[in-house]
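Chain naming follows the written order as A, B, C, D and E, and within any one chain the residues start at number 1.
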């Protein structure tokens, strides 16, 4: 069975690779510094800011991504392939480039008008949301589409033949059926939003007490040579992420489909 | 306006004293200052792109030169805030036994310097090397360089993470991470220049008087005390103790062609 | 009840042109066609899930092709049933009534009797994942019938089932139809199923409606070779009308030099002498003659001598492959086991067979 | 059909969102600066470095990720779920945290030994590979697993019953059948590696002419307040990414499976 | 040829204990069981794709359970066929010979004759995507047979096919087996399929082997109610042995006060008086008596009077639901169409029926 062991061995290797990375973080953190850094007001602020921003950004991404995912999963329409391709823009685009593009955009006449007449994004809280939204919208849509793809369209077909409108069929049938998968997508997107750095720091800036999310705080801690704090912040971020991942695993499927 | 607010673009390296000074300033004047930290050049890009901000406070003098050149700040508003002395920085306890500039040419020493084309301390390092090494020593030194960092705080990181054995940096580094870094002083004749950091008012300011008040505050004894706490040298006289009396402050040094990467 | 005209579906490489069908109130109509012939697409067009290229659809007096599915009052049981896994059996059944915001009160009695007929009382609180295959089918049918649809569409309700469950569902569908008389359009590729359950059927091959009619009209009188082939009929031969006799009440069809006397009633149209036609010999109506036994006068017209090539025991009956000596025409004969035991047949044996009039059918 | 239009509308919105971002970049770039920056030796170096590094990192990720993906797709083994969970570590971990973790790791006794006795990663070319590998290994494995999942295991079953060993069945049947999907996964991973910034800059540094990949060059351009150059570099990066995405779309399936 | 003992499969909630089977060289053996009973898992265990918990498997003289699949020399045709889509038909067929590094030369003649029997000459250069359903099956069978496996495993080769294709493949499998005598283990849930093709069969319900035997032994003599139910047999009644007669050659079975005279040969074991047994009446062997016609002596033992409750036309025959007046026992009778026409039956009519000895079978 060397074939089997080779293949599984590779999988175990990847696991060990990431595991060692996490372990070395733990190994390097000092307990004393940990509590000190954790309970520091600026750390608490960053944690709160990250949680709030990631949550709102995720909600926005779901609000726009769920219908998009539905459209991509169920309908044929002109330009579907292009839309689908564009969902990968945030993957191929370096986050810093993404953030810079926003700065450039807000420097164009349209962008300026938006900021003047509407909401200020640059160096403001909405900027964090925008950066995180841009980073996760594609991913969230993709993941939710995959969840919806798993639900046979026949359920909706039957619901509609029984008198439900397309909206009702969507929220009475498709939504509950794909709920677990959607939830997992949302949690993963949330974790990614919470870890977003490049676009956030470029668009919203690293402003302590204002736009300094966890990853940005890691950056400033590193940049001001505060390694203990950086490690603690990384650990907190990874912890949050792992909790999120665990939550994803936990959301196994309830229903067996036939 | 009723709640006056200033936007400051600041180099992240001087984050702790800057934050303290801002707090003091608000307590004193009621004007709050929001600050965007980052690499000095990075925040300059942000200022340029967003056409916002009242004050520019880079952690490295060369970006101030660039800002002046590009007309992003009022040239006449520039004030020097603190003075910096270059030194050799090594890992705490000096495991590689580096005691002098010459030791940097030893085989197998890993050196980082800041990018001399972007960051003042990088340029200073080059000048130190050019001035004190023979061509053969210079060659060995250059072979030992493993990285040009894009900002000088990254040079500190490199040392803190023990990614390199030594960096030519500011003497003040040792106070930022005293558990991991110690400085080896250069001999006074080896120091070509005294570095400094300065502050200036941005062209994009909408409230120049308040901005001016902040600059003035920073230069007031109260403002300076915040920086002193972090071992910055706030008067030229303090710096002169480590140099020859005629060592210039700042000024131009043209990067020799061989050091150019682009 | 439902009428479709000029239905045209174009989807990728699939083309269906000018499909038409008409189903009377209370009829159990089968739409039969091979796999991939577009049956499901037709159902989906009727429901409104697929937008056909062209075509008109009436349900009752109403033209429905512009209505959304939820207003067409058609219930649908897809092949995979698609019971809502997150709802209990009861909630599944009541889904349609609730979706239409109708009062449960008015449906109580009707749904109650359905529940009884379908024998699902004991399942109401269970979830679909905990039902057996047959139970699932019953619940799906019940869910479709509960909101009293004007039309019930079934997509291959019997395929892929174990034989015992299949039998149970067949019985149930029969009972259901006799008790509640819903108008049903059922899709299948299995003629036997359609024969057992359907009043009428539409046979539909290669995008063309080949035959519409009562089940016996189709089974006993397939209109074309394609239909015959689809029904799994064997013993098809190309022949030519040689003469007519008995005051044109019979034709003589020549095949490989043999003469078959076919009643004129076996073909609806007029057949001139010289016309080429397909003859179909129904295996279960061929009689193998016992030696020495007398033969009825009516059978004497079509008696052939030949040899037995093969005998297959099919459990409930035997199939004998017979070949005429003259003309070497092989045909299959199907005989009941008790008759087979009496006949003492063996491969290679020479026998005479007589063709009953009921065994003969011609097609153009 | 308002349901349909709402859903499709959302999808179109996401498309426009990313499209405007790209358009504003183009709008802001000057043609003259473009050619100048593009043909500058340091830019050409960065492009070459990015292409080489991303390619090697992708090859490494495939070398280890393909067998892992196979193991995850086909075998049951203890710890499979944990391995699967760890594939998402790079998603939840901020790239900057990932890079810093490597710095921390190479600061531990094990890490130091590796560097002293073996390869130097920090501030060196291998560091780029390591950073990019760590970023994409999880993604690549996930994507390749999805491609393999699409191939019914019956093909292998039949191949083995016909006398192929498990290795032969893998490369004679599974590999050619999933080739298109694997290729698409590889290209997407490559694009992500090419766009990797945070981990690379932290671990490998930003040394011009040595470890300055395209995204790092974008950052240094921004960090040296050279916005024109940054925009040009972003455009080049996005162009490379779009070419890769187009290549992904182009690798449609050849075989219809039955 | 192949022998399996003590095969135990535990997989999630699925349990199969101590399964055993034995198949002789050249036998066409059917493994019959309801959906989800574990048939595919058994096949996979034999091939070596699934590692069973316990059990020994011999192929020929060799114990194979520790061998990898590629060394077991078993070919496999899965339900979905799994023709390699990236290989042409020819390459598909030669895959096995190539994989074993055998010389193509030595197989040329054999494969050539297979290709001819299977009628795929004209398909060799095509790719699987361009084949029809029936063609695909043929190629898959050919691919499995080409490397001369010791054993051929078929997973539901006939299910999910259009009736006409099904018929074609049935014929082909028959031809194949008579021409090349491969040892075949075929899995199915359809008894009729097994009856048509199989020499022997193993019936396997709820994790238990219920009956092993020749096809007629199973069909005519089901060993238990479960088997009978699985075979889709109707007319099962619980009765009690009342007396014996005719020198113990016949028993009298009492059901609802009626007395059935059953030949002792209808049960292999000894039955004491008072024992409860199931009686099965085979519908196609029941005779409806024509008024006034004389009855053979042997039939006189089991004549019952009753009423016709229902008549169903099943196309190739009619099913009559008959109920005895005394005891009110309903049973189905199946009669050929020509006999039905002569009998002039109608619902409600009183008739007499006679049970042939062949129609009676008892089970414990």
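FYI, contacts are C-beta pairs under 8 Å (C-beta built on N, C-alpha and C of every residue); 3 or more make two chains touch, one makes a residue touch a chain.
Being a predicted model, the structure only gives us computed values, none of them experimental.
Asks: With one step meaning two chains touch, work out the least steps from subunit C to subunit D.
Replies: Minimum number of steps from subunit C to subunit D: 2.
Asks: Enumerate, in label order, the chains that touch subunit B and subunit D alike.
Replies: Per touch definition, common to subunit B and subunit D: A.
Asks: Counting only C-alpha atoms to place each centre, which chain is farthest from subunit C?
Replies: B
Asks: Return the distance between the CA-based centres of subunit A and subunit C, expressed in whole Å.
Replies: 55
Asks: Once you find the CA centre of subunit B and the CA centre of subunit E, what distance in Å lies between them?
Replies: Chain centroid spacing, subunit B to subunit E, equals 89 Å.
Asks: What parts of subunit C, by residue number, touch at least two of the other chains?
Replies: none
Asks: Would you give the residues of subunit B that are in contact with at least 2 other chains, written as numbers and ranges?
Replies: Only 39, 49, 151, 154, 157, 161 qualify.
Asks: Quick check on subunit A: which residues sit in contact with 2+ other chains?
Replies: Correct list: 100, 104, 107, 165-166, 202, 222.
Asks: Quick one: which chain pairs are touching?
Replies: So the chains that touch one another pair up as A-B, A-C, A-D, B-D, C-E, D-E.
Asks: Quick check on the complex: what are the subunit E residues that touch subunit D?
Replies: 44, 47-49, 68-70, 72-78, 80-86, 95-96, 99-100, 127-129, 136, 143-144, 147, 149, 153
Asks: Sort out for me which residues of subunit B touch subunit A in the complex.
Replies: Those residues of subunit B that touch subunit A are 7, 12-13, 15-16, 19, 34-39, 43, 46, 49-52, 151, 153-154, 156-157, 160-161, 173, 176-177, 180-181.
Asks: List the residues on subunit D that touch subunit E in their complex, please.
Replies: 152, 154-155, 157-166, 168, 172-173, 176-177, 254-258
Asks: Taking the complex as given, what residues does subunit D use to touch subunit A?
Replies: 3-4, 6-15, 17-22, 24-25, 27-28, 64-68, 70-72, 74-75, 77, 79-83, 85-98, 100-102, 104-105, 107-108, 110-111, 134, 137-138, 141, 165-167, 170, 188, 191-192, 194-198, 202, 214-215, 218-219, 222, 230-231, 234, 237-238, 240-242, 244-246, 248-249
Asks: Where on subunit C is subunit E touching in the complex?
Replies: Where subunit C meets subunit E, its residues are 34-35, 133, 159-160, 162-164, 167, 189-192, 195-196, 215-216, 219, 229-232, 284-285, 287, 312-317, 334, 336-338, 341, 356, 358.
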